[in-house]
Structures are given as structure tokens and as C-alpha cells.
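Next come the structures, one after another.
Each of the next two complexes has chain A plus one other chain: chain B in the first, chain C in the second.
Then we have the complex of A and B:
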């Protein structure tokens, strides 16, 4: 009986007029259309335009620019010493910032995880740097490092870290530490809060069992806390690395890439090319290279993570 | 294996007193069960022995050594937690050998002990698994294995079976008992389940409201409960109570019903409570009662009767066809009666049940 029903229905469907069939195919797309249009307009158009700039000669001050130049920008990039220096600076800046943020964030999270009077207030205060606009944070730190108005150089001299009060932002050999310190100050809350949340989800009786088994606090940290935190650390470090590598605000505000390009990172180099030299084409090419590098980095991390969690099973 | 001695131990949280004047001596190799309703302080006492909670006052000794200020690892005890507290990132073998590895035991010794313990507990095939790949019963065994490999002076258990289903609980209960007989180690076992307490214990410590109510063998607590709380807590279904007074050697219930008391009971006592276990009430001749509810248990039936204004439970293996509303006659044998005074303490010499 079901056969006969099928035979009835099937030919019927094929006999419908073309217009109806087309309409039924298009219909779901029409429902999705508003969202699709917005996504394309907001995400794809700028992305495609930006990528296309990398292959065109776009200089705001040159009315004759705009032509297609193929891979010329990338060839120029291959010869650009400033770019390679910026790449090395980026590695240093990103590595040091993320590592120190993670280290201090973890220590802060461990401290906040111990009950003490006023813990709620302390937890709220830890959030504060996160709420300060980066622009303001950069200016603040630039002033703190300035021996004319800021106290830090005088303190460091008093502690014997410096021969005389001077501005570390002006000393090419250590200028990078200025923005790194500001970035660490600004980024610690992110790690502290996420790691604290992860710490609080660890069952207390595991530590009790371990202390009965004879584990010292350090052994408990290694065999219980770290394994629990590992996935959170992996994903936050991944996110932060991409974010810090792309992060030019503090450097632009504090040193503008100087002195002698010693604090120029790829991100601030892009900013300088685009908004100081007004060479959007070249800036886009640099940005595209940075994008490719960060994508490659993310892929490596994700594959590693997958491997590790596979081994776990 | 060790003896333990708890002297005038107290536990306070701020102004809240959770345990008061706890005194207990535990013999070498004894199996002690701390039993009482939820919140009575059993876990707190166990954790004080383990070193996980500070001892506010008094003294705890393990083998004549005061351990008040010793950290858990210096007390040489092992604990099985209600949640099992297995290390989730280690496999079964690593979980069991963790304490040995911390003490830098050599590899062959560790392997030997883990093999022994896993054989005792039937975990041989699971040694490579992570805890999350185990069933509740298997996790429970791993938690026991972790305690066994250490060969500690004493085992502490905090409601280790309460997350298992009834059948498994029965089975593990028997295994714990067998294990204790094989290892002979001093054990302290916390439970709120009086059946577990009765079946496992050498001696039961009944607790209520932060005080020890009675210490004794399971049958002592069952036959001669020291007060109303123990009488009501031990045994299932619970003991029946009627309030009244003793006059001229007979018990007079509130509604005037009179009941003869056995020899040796006081002649007069105002404000007394009479107790009798449901299994000691006889059906047949005696006081008139009305059936209110019939609960078949398979093994027998539990009758809820209204007798002299109170609800009475009767446990009988007699499969009599009774329905609510039926009139029956019940006998309360004098030898099975328990009498408690106004302050809820047992009075009179120990009557022995006749059946």
C-alpha cells in the first residue's frame, strides 16, 4: 500500500511547473536574506576591500594612485628591513607581554582563591585596569615613566636600578619594556579572572585527598591545579597572543614606535604606514602578512591542543 | 593498625559549637561506625581525626601520640571520600600509587602493591582507565584501592556508599566487611544509614546534635538503647512510642489504657515514654486497635495501627489478609518494653526480648 502512495506522489512532484520549483528552492534563502546581507555588508565587504588594497597602489596624497600593482608590495616587503625589525620586535613584545600577564595573572588568581576578609572587594578591584581605556592607560604610563612628572624613574634610581632618573621610553636598549609593562598591567585582570573562575571549579576534596596522600602544596599544585588549568591556559594564551600581536594602541601612544624604531611592532608599523605615510596599499600588504602569520600560529596551537586532548583519552 | 583515643574534643566554628565533649577510645583493629542524622557532626569528627579540620579543644591521640598539631600526611591514615575524590587526570593505577610515588617508593614495590590491591578489588582490567571512564561502583573500588595500597595505621570512610544504588551498596558493604577482616586495620566509618551501621560495626557510636548518645555493639544499641534518640534511630521500621506515666508498677497511657510492666521497673514515674519495637508486637490477644494502613514488604507486612490514640507500627511475617478499617488485637509483651523517663533516658534494667 505504501508503494502505491509513493507512485502517486512522486510523478506529481515532477510535474509541477518550473516557476513553482524555482520558488521553492529560493524560498529558504529569502528568509535568510536579511541576515546574509548584513553579514556580507559588515564582514565580507571590508575584508575583501582591505585585501584588495594589498594588490593596488593606494596613497591618499597621490591622486594618480589606485592602479593594480600585483605582488609589487610584497616584493618591496621582502626588501624592507624596517618590516623584519618590526617582526622581531613583535615576537619579543608579544612573547614577553603574554608570558608576564599569564604569570602575574596566575599568581593573582591563586591569591584571590584563598579566603580572606575583604576578598570580594579585592576581586572587584582587580577588574579595574581592564576597564581603563587603553589610550588613557598608555598616556598614564608614559607620564609615570617621564622623569619630569612621573615618580617611577626617581624610585628606580633610589633602588639602584638606574644611574640617574631618565626616561626608559627614550632609551633604545630598554624602551620596549615601557609598553610591555603597561600592557602587562592592563592585561593581568583578563588572566586573573578567567583563571580564578577555573580554580573555583576544582573540587576541594581533591586537595584534601592529596594532603592525606602526603602531597606538599607544590605537589598538589602540580598534580591537581595545573592539569585542571591547562585547557583554560591554552585557550586564553592563544586568544591573548593574537590579540596582543595585533595591539598597537599602547605603543603608538607611548613611544610611537621609537626611539630609532626600537618599539616598532608589525601592528604599529601598519598604523604608521597607513595613517602617517598614508600608504594604504603597502599597509594592507603588511596586514595581510600578519594575518597569515597569526592564522598559521592559531592552526599550530589548535592542532597541538587536539593532539594533547586525544592523547588524554 | 593503631589504637585511637579522643579526649574531650570540641569543634566550634566561630560561636557555633558543632561538637561538644567527645570522648572515645578505639581499640586496635576495631571497626567503629559513627552514625547519626545528617548535620550531627559525624563528618566533622572524622575530618578532625584525619587532620582536615582543626581541633578546637581537647585531644586526639593515635597510638599514644597527640596528633592535634600534625598535618594529615604525618598521621598515617587513609580516607575514602563520599565523592571518591579521584584525581581526574590520572589513570586508575596512578591514582592508587600516588601516595607511594610521593614517598619515593621504588618502582617494583609500587607495581606489586598496586597489583595486590587491584586484585583484591577486581580492578585488574581497569588500571589504564581514567576515572571518568568508570562506573560509580568501579570508582568506589578505586577509592578503596587508593587507601589500601598505603597500608596506613587506620582507614577513615565518609559515607563511601551513599552514591551507589541499593543493590551495589549491599554488595560493597559485604566487601568492606571482608576487606576489614583480611586487613585487620582500625577503621572509622561514617554513615547516616543505620542498616550500614548495624551490619558493619564492631561498635557503633550514635551521635546527635554534636553529642555522642551511646557507644556499644550493634546489639547493645538495639536491645538496650540508652535514650529515646537511639531507640528511635536504630532499627527499621522505627520503635513505637507511647507517652504516659507509671503508677503502681503499671504503665498508664494518656487515654487511661493500662499495661503491666515487668519486674524491676520503678513503681511510680511521672511523664514517662514507653517504647516497643514493631517486630516485638504480637497479633492475637491484647489491646484493641484499628488497622490504618497495610504495607507489604514481600518478606512480611508492616501494619500501621491506631492504638490508644497513637499510631503503632507492627512488623509481622504473618501474611494475614487485613485491610484498613479492620479491628485487631495486639499484645505488647512485658519483656520487650523499653521505658524512658522525662529526660528521655532509659530507666530500669535491661529487658530482653522474649522472641
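Then we have the complex of A and C:
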């Protein structure tokens, strides 16, 4: 498509400087145009609409809905106990998932940063969970926790962690651990890949100099590795937190918010409101609140990161 | 010595943790039904069978789900890669006003909460007849994958020296011809990596597939598998056989591209 335009312009190029200049201004945008069009149409327009829905009465099956309701959804939200429970669950789910993913991801990256025979194969194998479709990861872990066909309840009983083999996904007090473990399993590779890339960019002579000066491995880790990794960790944790907080797949597949709403997060709550009750207005209001909270969180992290790097200088 | 042993043991623990769930999926899918419960916790059944696979392939709707998923993921991968190649080329080779702004725009889309967009997208696609249609899914998946794919392609194009296409343009080829005949062939590994990445992402997507598709004849794999799970009587062997089948394309692609993906990520991390 841009081909024909360029052919048309080309012959005049040397005779008409103005036309040439216009063409060279337009040219990059011709390459960007298809992406811009689809992103604006499928992401930005819906985002604006989604914000507007939060102030309107939008119910899919109700033809009389669609009116402007002002802040009604937000007032209802203030009295919605299910929402506040979901908010607490989201904190727990996001905090635990990201913290464990980061911890194990960092350990794995450090392990893989040491050269050993078969490292390429080991790397491909430990990164494999990342390729597993999330719905399948969720189903798979739900099956593993199932005492009928899964081994985990039996193992936990044998270890004395459980009185009898039962499904932790059915126990309200610990059900959240199910999706968290699945999320950690699925998310470790992401942290490990990012942190491994960062580790490999640390200049090797720093370590050599440190060991000549007699620094212990722990001292080297604290004064060389951690400061180098800190900015990468900050940005990865930030992106990951936003992503995990918004991520509903595993919960929908494994528990669907149950038992007794104990695993209902804000993201899965929004999905339930939109998908099961077809109440798009209310769902959008909840989503807007989640978006605001995540933006506030991102600002805090970015400011903290700025402070830290200022202090270093 | 002790340190080396501890290191190897730790690596083995990680490998076991990564692979065990997948191994279990495979184990149940080849366990005959009569042994499913009696040998529920054994690591490998005393007899194996491929009955679950043949049943799923012959008597269920899974071949259709599989086909739908292939169509959606394959088309999405091709469309996204074409768009991302153009965009990535522009980001890599042109200097123009608004470029930084454009890259920022792409980056911002990565922070959008998906749950917020689901409802409006449904409302927009419904009057166009794109709900309950594979074409609608393809459009949505393409849009959601194109920002990251563009950065990947930019990273790969940055690695190709510009001298070659400049020489071609001095010889009278216009830029788009040079792009098609010189840059694209050289960028093939990057294109393959992007194709694989997008294919895997589209193959896994569940929320939009659930929201936008209502009938079984248009269902993709995640939707089909979930409806299978929520049905009254569950046949675990068949379900896991279907799961193994769903896993195959994604894992194949991943093993193919994993090297390039880490490369692309490192390049991106260095820049941003």
C-alpha cells in the first residue's frame, strides 16, 4: 500500500525539494499507521469508553439502560462488602505472588549465572512453565490439589501438614494458596529471565577486584550484585505487580472466586460482574478504582526508585 | 566441592518443580480409567493406554476447538508480525518528530488493565457482528500483542547494519523495496521469534475468548476445555489428554524461540 505512494513520489524527488521534504516527513508515519490505527481503535477508544461506562448505567440485557448515573456506582461501591473483601484478597494475592516469584526467580537467576555443563538445557527446562497457557496451568494445579487424582494432598498428609487428604482449594482459610502457588510456578521464569539478563551485564572485573581485596561472597553479593540489580528489580516488580493484580485467569479457572468468596480478587470480581451479571457499568466503576489504585502504587514505587538512585549519587 | 553439589541439587529442585506438573498431566492422560483412582498417587501407572487421546480426537469437539485455536493464533501471529515489522522498522531506522512519543504510547498500552477494556470492546464489536466470531478475536489479539511485538522487531532490526539498504537505495531502489528485499530476509530469525511469541500468547488467551465467544462451534481451546471441566461428569483422563494436546503447539514454539526471546529482551532492557 505504501509501496505505490512511494513509487509515485520517487521520480520527483530531485526536482522538487519541498515535495521531497513532505515525503520524508510522511514516510515514517506510513510504516506506523497500521499499528496506530489498530491500537487506537481496539485499546484507546475502549479505554475512554470504559471510563465513561463507570458513570453510566450499562446492562447488556436491559435495552432501557445506558443513562448517565453520575457517581451512583461509586456510592454503591462504598457499601459493597464483597468489593472490600476482594480488595483485601487482591493485596494478599498480589503481595504473596510477586514476593515469592521475585525470591525464587532471583535464586534461579543466580544459580543459572554460574557456568556448568548442561546449562542451556537446564535453562530451557526451568523456563518451560512460562510457555504453558495460563488456563492450562490453572487447571493442572487444580488437578494436582485434587485428592482424587492429584498427589499433593497425599504428600502433605504424609508430611503431617494435613490430617487427611483434602483439597486445599475447598478450604476457605487456605484456598488462596492454590492460585498463589500456580502463579509462582508460572511466573518464576519471567523474573529469572529478566534478572539473568541483568546479572550478565555486570562487569566481571568488579568481582575479581573484590575477591583480591578479600571480600566474602556474601559481601560481594551485597555490595556489587544487589546495587546493580536494584533498578531492574524495582521496575520488574512494578510491572509485575500491576500485571498480577489485573490477572484473573488462574483464579477464574481454579476456584472461580470461591469457596465463600475467599479467593475473589478485584480482577476476578470485575470479570464476574461483567461476564456473569452483564453489568458493565458497575464492572467499569470497579475497574476504574483498581486502575487508580495501581497508578497510585506505580507513582509511589517510581518516586522511591528516584529517591534511591539520587541517594546513591 | 560441597558448594558445587549444593548448586547442582538446587538446580535439580528447580527443574523438578518446573516439570512435575507437566509430568503429572502426561501421567494421568495415559492412565487407564480403572487404574485412575486405585493408582492415583503412583508416579507411573502399571499399564498405560492411549485411549483417552483417541477418544478425545475421535468423539469430542476438541478437534474443532483445536482447529479454531490454530486459525485464531496462526492468523493473529501473521497479522501482528507484519504490522510489528513495519512499526519496528520505523522505530529502528527513521528519525522523526513524535517518535519518542510514539514509543511511549506503545509502552502505556502495556499497563492498561485488561479487565477494564473487556466490556467496552464487547460493546464496540457487537454491532459490527464481530462477537462470537473468530475474526473479532483475531482483531483484538492483534491489537493487544502488537506493541510488545513492535519492540521485539525493533530490537532485531537494530542488530542489522544499515549499510546494506543504504547501498541499495543509492542504486535507485526506494526504501520500501529495500526493506522488503534486504531487511526482511536478514531479519528472518527475529520474524520467527515474533511469530512464535505471538502465537503462544494468542493460544493462551482466555478472558476475551470467554467474553466474546458464546457458541461451541466458535470456541477456542481454553473455552472448550473450561466448558468440558464444568460439565457434570468429569472424565479426568480425557480432560488431561486434551490438556496435553493443547500444550504441544505452545511448547514446541517456545522451545524454538526461547533463545531469540531472551536475546530480544536483553536488547530491550539495555535500551529502556
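The rule is short, and it goes like this: the second predicted complex is superposed on the first by the 271 of 313 C-alpha atoms of A that agree within 3 Å, B and C clash if a C-alpha of one lies under 4 Å from a C-alpha of the other, contacts with A are read in each partner's own complex, and residues count from 1 in each chain.
The rule we apply is simple: a contact is a pair of C-beta atoms (placed from the backbone, for glycine too) under 8 Å apart; a residue touches a chain by one contact, two chains touch by 3 or more.
Please read these numbers as outputs of a predicted model, since none were measured by experiment.
Clash-free side-by-side placement of chain B and chain C is the outcome of superposition onto chain A. Contact with chain C, but none with chain B, is seen for A:246 once the two complexes are overlaid on the shared chain. Applying the stated contact rule after C-alpha superposition, one finds that A:27 touches chain C and leaves chain B untouched. Once the two complexes are laid over each other on the shared chain, residue contacts for A:283 go to chain C alone; chain B is not touched. Using the contact criterion defined above for the overlaid structures, shared-chain residue A:134 touches chain C, although it does not reach chain B.
Using the contact criterion defined above for the overlaid structures, shared-chain residue A:114 touches chain C, although it does not reach chain B. When both complexes are overlaid on chain A, the residue A:209 reaches chain B alone and has no touch with chain C. Residue contacts after overlaying the shared chain place A:219 against chain B, while chain C stays out of touching range.
Between chain B and chain C, it is C that contacts the larger number of residues in chain A.
Between chain B and chain C, the minimal CA-CA distance in the chain A superposition rounds to 13 Å.
Across the two superposed structures, the residue set of chain A contacted by chain B and also by chain C is empty. Residues 50-52, 71-73, 77-79, 81, 83, 85, 87-90, 98-99, 102-103, 130, 146, 150 of chain B are the ones that touch chain A when the two sit in their complex.
Those residues of chain A whose C-beta lies close enough to touch chain B in the complex are 203, 205-206, 208-215, 219, 223-224, 227-228, 312-313.
Those residues of chain C that touch chain A in the complex are listed here as 7-8, 10-11, 14-15, 17-19, 21-22, 24-25, 28, 36-37, 40-41, 83-84, 86-87, 89-90, 94, 96, 99, 102, 105-106, 109-124, 139-140, 142-144, 146-147, 150, 174-177, 200, 203-204, 206-207, 210-211, 221-222, 225-226, 229, 236, 239-240, 243, 246-247, 250-251, 253-255, 258, 261-262, 265-266, 269-270. Residues of chain A touching chain C in their complex: 2-3, 6-7, 10, 25, 27-29, 31-32, 34-36, 38-39, 41-43, 45-47, 49-50, 53, 58, 60, 104, 107-108, 111-112, 114, 116, 122, 124-137, 139-141, 143-144, 148-151, 154-155, 185, 188-189, 193-194, 196-198, 200-201, 232, 239, 242, 246, 248-249, 252-253, 267, 270-271, 274-275, 280, 283-284, 287-288, 290-291, 294, 298.
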